[in-house]
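Naming follows writing order (A, B, C, D and E), and every chain is counted from residue 1.
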Amino acid sequence: MDFGSVIGIVMSIGLILLANKMEGGHIESLLLGTAALIVFGGTAGACILQFPTNRIMGSVKGAISVFFRKKLDPNPTIAQIVEFAKRARREGILALEKEIDNVKDPFFAKALRMAIDGLEPKTLLETMETEMETVETEADFQMKFWEAAGGYAPTVGILGAVLGLIHVMANLNDPSKLGGGIATAFVATVYGVGLANLVCLPFASKIKFNAKADAIVREIELKGVLLIQEGVNHSIIEEQLKSYLDDKMKKKYEAQTAKGGA
Amino acid sequence: MDFGSVIGIVMSIGLILLANKMEGGHIESLLLGTAALIVFGGTAGACILQFPTNRIMGSVKGAISVFFRKKLDPNPTIAQIVEFAKRARREGILALEKEIDNVKDPFFAKALRMAIDGLEPKTLLETMETEMETVETEADFQMKFWEAAGGYAPTVGILGAVLGLIHVMANLNDPSKLGGGIATAFVATVYGVGLANLVCLPFASKIKFNAKADAIVREIELKGVLLIQEGVNHSIIEEQLKSYLDDKMKKKYEAQTAKGGA
Amino acid sequence: MDFGSVIGIVMSIGLILLANKMEGGHIESLLLGTAALIVFGGTAGACILQFPTNRIMGSVKGAISVFFRKKLDPNPTIAQIVEFAKRARREGILALEKEIDNVKDPFFAKALRMAIDGLEPKTLLETMETEMETVETEADFQMKFWEAAGGYAPTVGILGAVLGLIHVMANLNDPSKLGGGIATAFVATVYGVGLANLVCLPFASKIKFNAKADAIVREIELKGVLLIQEGVNHSIIEEQLKSYLDDKMKKKYEAQTAKGGA
Amino acid sequence: MDFGSVIGIVMSIGLILLANKMEGGHIESLLLGTAALIVFGGTAGACILQFPTNRIMGSVKGAISVFFRKKLDPNPTIAQIVEFAKRARREGILALEKEIDNVKDPFFAKALRMAIDGLEPKTLLETMETEMETVETEADFQMKFWEAAGGYAPTVGILGAVLGLIHVMANLNDPSKLGGGIATAFVATVYGVGLANLVCLPFASKIKFNAKADAIVREIELKGVLLIQEGVNHSIIEEQLKSYLDDKMKKKYEAQTAKGGA
Amino acid sequence: MDFGSVIGIVMSIGLILLANKMEGGHIESLLLGTAALIVFGGTAGACILQFPTNRIMGSVKGAISVFFRKKLDPNPTIAQIVEFAKRARREGILALEKEIDNVKDPFFAKALRMAIDGLEPKTLLETMETEMETVETEADFQMKFWEAAGGYAPTVGILGAVLGLIHVMANLNDPSKLGGGIATAFVATVYGVGLANLVCLPFASKIKFNAKADAIVREIELKGVLLIQEGVNHSIIEEQLKSYLDDKMKKKYEAQTAKGGA
């Protein structure tokens, strides 16, 4: 579970509602079914129209992945590649056949399988890069869905506010209802701006960042398999793959391998 | 027929009107010929001025394709390419001559014909890539038309609202008409914002997504023909082309070929 | 003459004024010299400050080209290249010397002359690509001028409105003049938003689209000359150049050559 | 002196003030020290925070260059390169040693010196391209400074207006002061929007356009030196370098060289 | 300490508050806990939701680096590389082993170590470029965090204002409280717009500019090591690395080396 995501969404919505309460506002006055219908219905409709039907479910998955996701960890991956490189130099690349079942990421397994099967590096590279693009396209659609929703929500919120104002203005003869009417009209704006900025746009970015983190691990896996296939020395492979790690991860990696090697 | 598109557009416009009705609004007060004339006329005029005349009809086709379109399916295409590869290895590439009539996509047929005619891979690749760009340019124009319309509509709507407000303000001496006048002025904004966000911008994105989906199938076809021409083994071709499929499609492909092979 | 451009601009401005009249507005109340002075003067001044002096006249030419322009037609160009290819294969590339006078586009003539003069393909390609970039830079400046104008106009319009409102607000003691003053202030907004969305931005896009259409013809010409120089067979050249045409143009080309060949 | 820049800035600000006067506005009411303090101080502070300290002075230089700048002229440069090419073919590249003092642009002189010193073309190209990037980075910073200022000014203007409105609203019990207060608050908006659109953004664009024009001359110089080093014929060099000139410049060049050759 | 950053932030916020005071505003009326809770809490929450948890601390580090940072200086780096090149030509590259401890930047040390260990230039280049990308990704996250905060703050500020207005409008029956209520509602806008434009966005840009300045030094280091490995003459290396310096830095470098050589 991604606690950062939970804390973030609870914090932003919670503090805003709390502040509103402290200033004397009534949360009930912000609960308005029709405004919700306009903003959520209009935004969802525009997104369903915009996206291919087979991508809609993916965007729900994307939203879930903001809170729950199986993250690829680069450190054990590098350690495993280094092990494989040692073994391949000692016993030949065919010896890795038995190791394939220990590989968790199917992308890594497929690349390794192709190397063991003796495919040319060029074919392997091309195929795995297409594979990576396909995976990234999926994440891209999830990201774009929430970005699009974050774009539509505020304008639909304004649409709702203008519709409310038209209703208020057309009945201007009773000024005592003016304030209440305007207040109601503004609720749609609150929903639209809030939905976009506290939910949709952060979702879109989180999905993109997660996809990029996974893409780096896949790059490490692909690079590792290609270097094993080339028969490069395992310590050079380790050095080259470690350059994908930031300082904190590098230190963690060194601590882990030192312990593992002890 | 693309049911997602129908559901999306009906849902967004329907729910907004429903919510407006529930709040006591009158749909009649939103029907205003002059506002429609301003928003639709102004937006259409700006787009007609902006786009080359021979592209205007294309954009109408693009709008139709949002609801009705013949989608290219990658799975039978890959299966067909694998069949062709087997046959070409057995009987030579000339044997594919008889298969050309079974090829539905003219792009695929043209690439295959060039391979059978013995053109160099470089010429084939260059020609077919130009062909792909030409097709993508057409889709791009359709997309840009609706994007442009989605950009003009809200500003033209604001133009309409300001024109209405000028009219109202110039007659401020009769305050009883103020509210009604402002309400009327706002209807142009509703039309502009609604047209842009519930119709034009989603249309533009859908056209782009559809074009991209077709482009991937064309990439598979071109890659396939080039690999057949190179004389690559059919199971490697299959593996390489399958990397264009996402997980769901891959499973479907495997299920289909398993059934087909049974 | 580009009738689409004429229809577009007349349609957008005409329909908006018509709708305004139908709603009871007076066109006279929209004619306001000071607002025009602010919006047109301010926008023109900002553009003159922004653009190199030798590009200002070019932007006027660009505006004229929106309505009147000599468009390059790809179909006769391809037909001509195919003729040249046939002749060059029969009689040698020097035989094209006599044909140069029949070439209308100076870009095409220059490329052909370089090929006849026996320059290396690499030098020819480099020189003509620089030439293309130079032409595209000119069109780009025209486009950017109108885009910039379209960016400044609405903000200058708002500036005019705020100046008007300041004037109105400072004299708030006579409320009877309030409405009229606000109305007048808003006219600058109408001018700014209208100028940008009904004139400047569509101009910019049209100029860009026209430049791109011409660029494709130039690409065909350059590609054609290079293929002639390589001594490629004329039917392959035809096939390769036809891939630049969209479906409608392709059919037209085939109809024309069929008729021409009869 | 760049007269276009002077005319542009005088025209936009002058005409707007003139129109304001014609409508009965008082220029004194637009002179407001506190609004100026907010807009200029806030914008300058944000820019100083944003930019590296050693780039601040460069942006002042950039602003000066909008009005006064020594522009590189491509035509004499090409003529000089052609002369050098002739001489290098006749007397060897070392003969250009004596010509270096006649070269005004230090960039050109450095490239020529490296060619005379017999450095490899690859090293020469790499070094001079880095040099070009360094120069372009400087211009880029100047441009970005004014672009950033143009981005901050209107929002700081709005900040000033909102601060003014808060002050007005808190003292609503005396309605006679309402109008004047709002008018004063709006002056900050006028300053912000005007500063951005009539000064900062046009400055940024002009700096960019000027830098691009100089970059093209530097490209001509670098290309010329490389062609001289290769020992290419001077008339081919001339033809190749002329492709960087637009039509007007080309005609001017031909007129000048015809006169020079007479 | 980066004095420019301190001056910038003190100047913008200070002058705005001063001007507000001069106009008769009370700073107390701008201190509003609930508005601060909404803007800071909402913005922070959205950012925490958006960014991977392990990047949040990095963004705090980024903010600190705006005021305090250890900047890489290109001039001593170039001088050191030139020294290394001389020594490597005289005594062989292994002689640099003893110099590694004098190298401060770990990136430079790693590149040098790889060259001494005799790794192939291609492997060295690839590894160090990945290393650079990893460092740039870290800076990019810091930059994007503040950019995102600068994007959310104003909209959350508007959200706060609308919530305040809803509260005011719902209690319109007591008009004497209207002004104060609106004033309070506007404070959230001031916080949002100010936070974004005077803090977050300038932070983001400064972080980016600093990262780019460091990246240039790393490019110099990498280029230098590769040229030493190639065995290039030290004066050519010096010339080539100096092309990364702008005019001011070049003069400073020449002054320093002249003094050093004396």
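Going forward, a residue touches a chain if its C-beta (ideal position, glycine included) is under 8 Å from a C-beta of that chain, and two chains touch if they have at least 3 such contacts.
Quick caveat, the model's predicted, so the values are computed rather than measured.
The minimal number of chain-to-chain contact steps leading from chain A to chain D is 2. Averaging C-alpha coordinates per chain places the centre of chain C 41 Å away from that of chain E. Separating the CA-averaged centres of chain A and chain B is a span of 25 Å.
Taken residue by residue, chain C touches two or more other chains at no position, since every residue touches fewer.
Taken as a contact graph, the chains are arranged in a single closed ring, with each chain touching exactly two others.
Those residues of chain E that touch chain D in the complex are listed here as 2-5, 7-16, 18-20, 22-26, 29-30, 66, 154, 176, 178-180, 182-183, 186-187, 189-190, 193-194, 196-198, 201-203, 205-206, 209-210, 213, 236, 239-240, 243-248. Touching chain B in their complex are the following residues of chain A: 33-35, 37-38, 41-56, 114, 119, 123, 126-128, 130-131, 134-135, 137-138, 148, 151-152, 155-156, 158-160, 162-173, 184.
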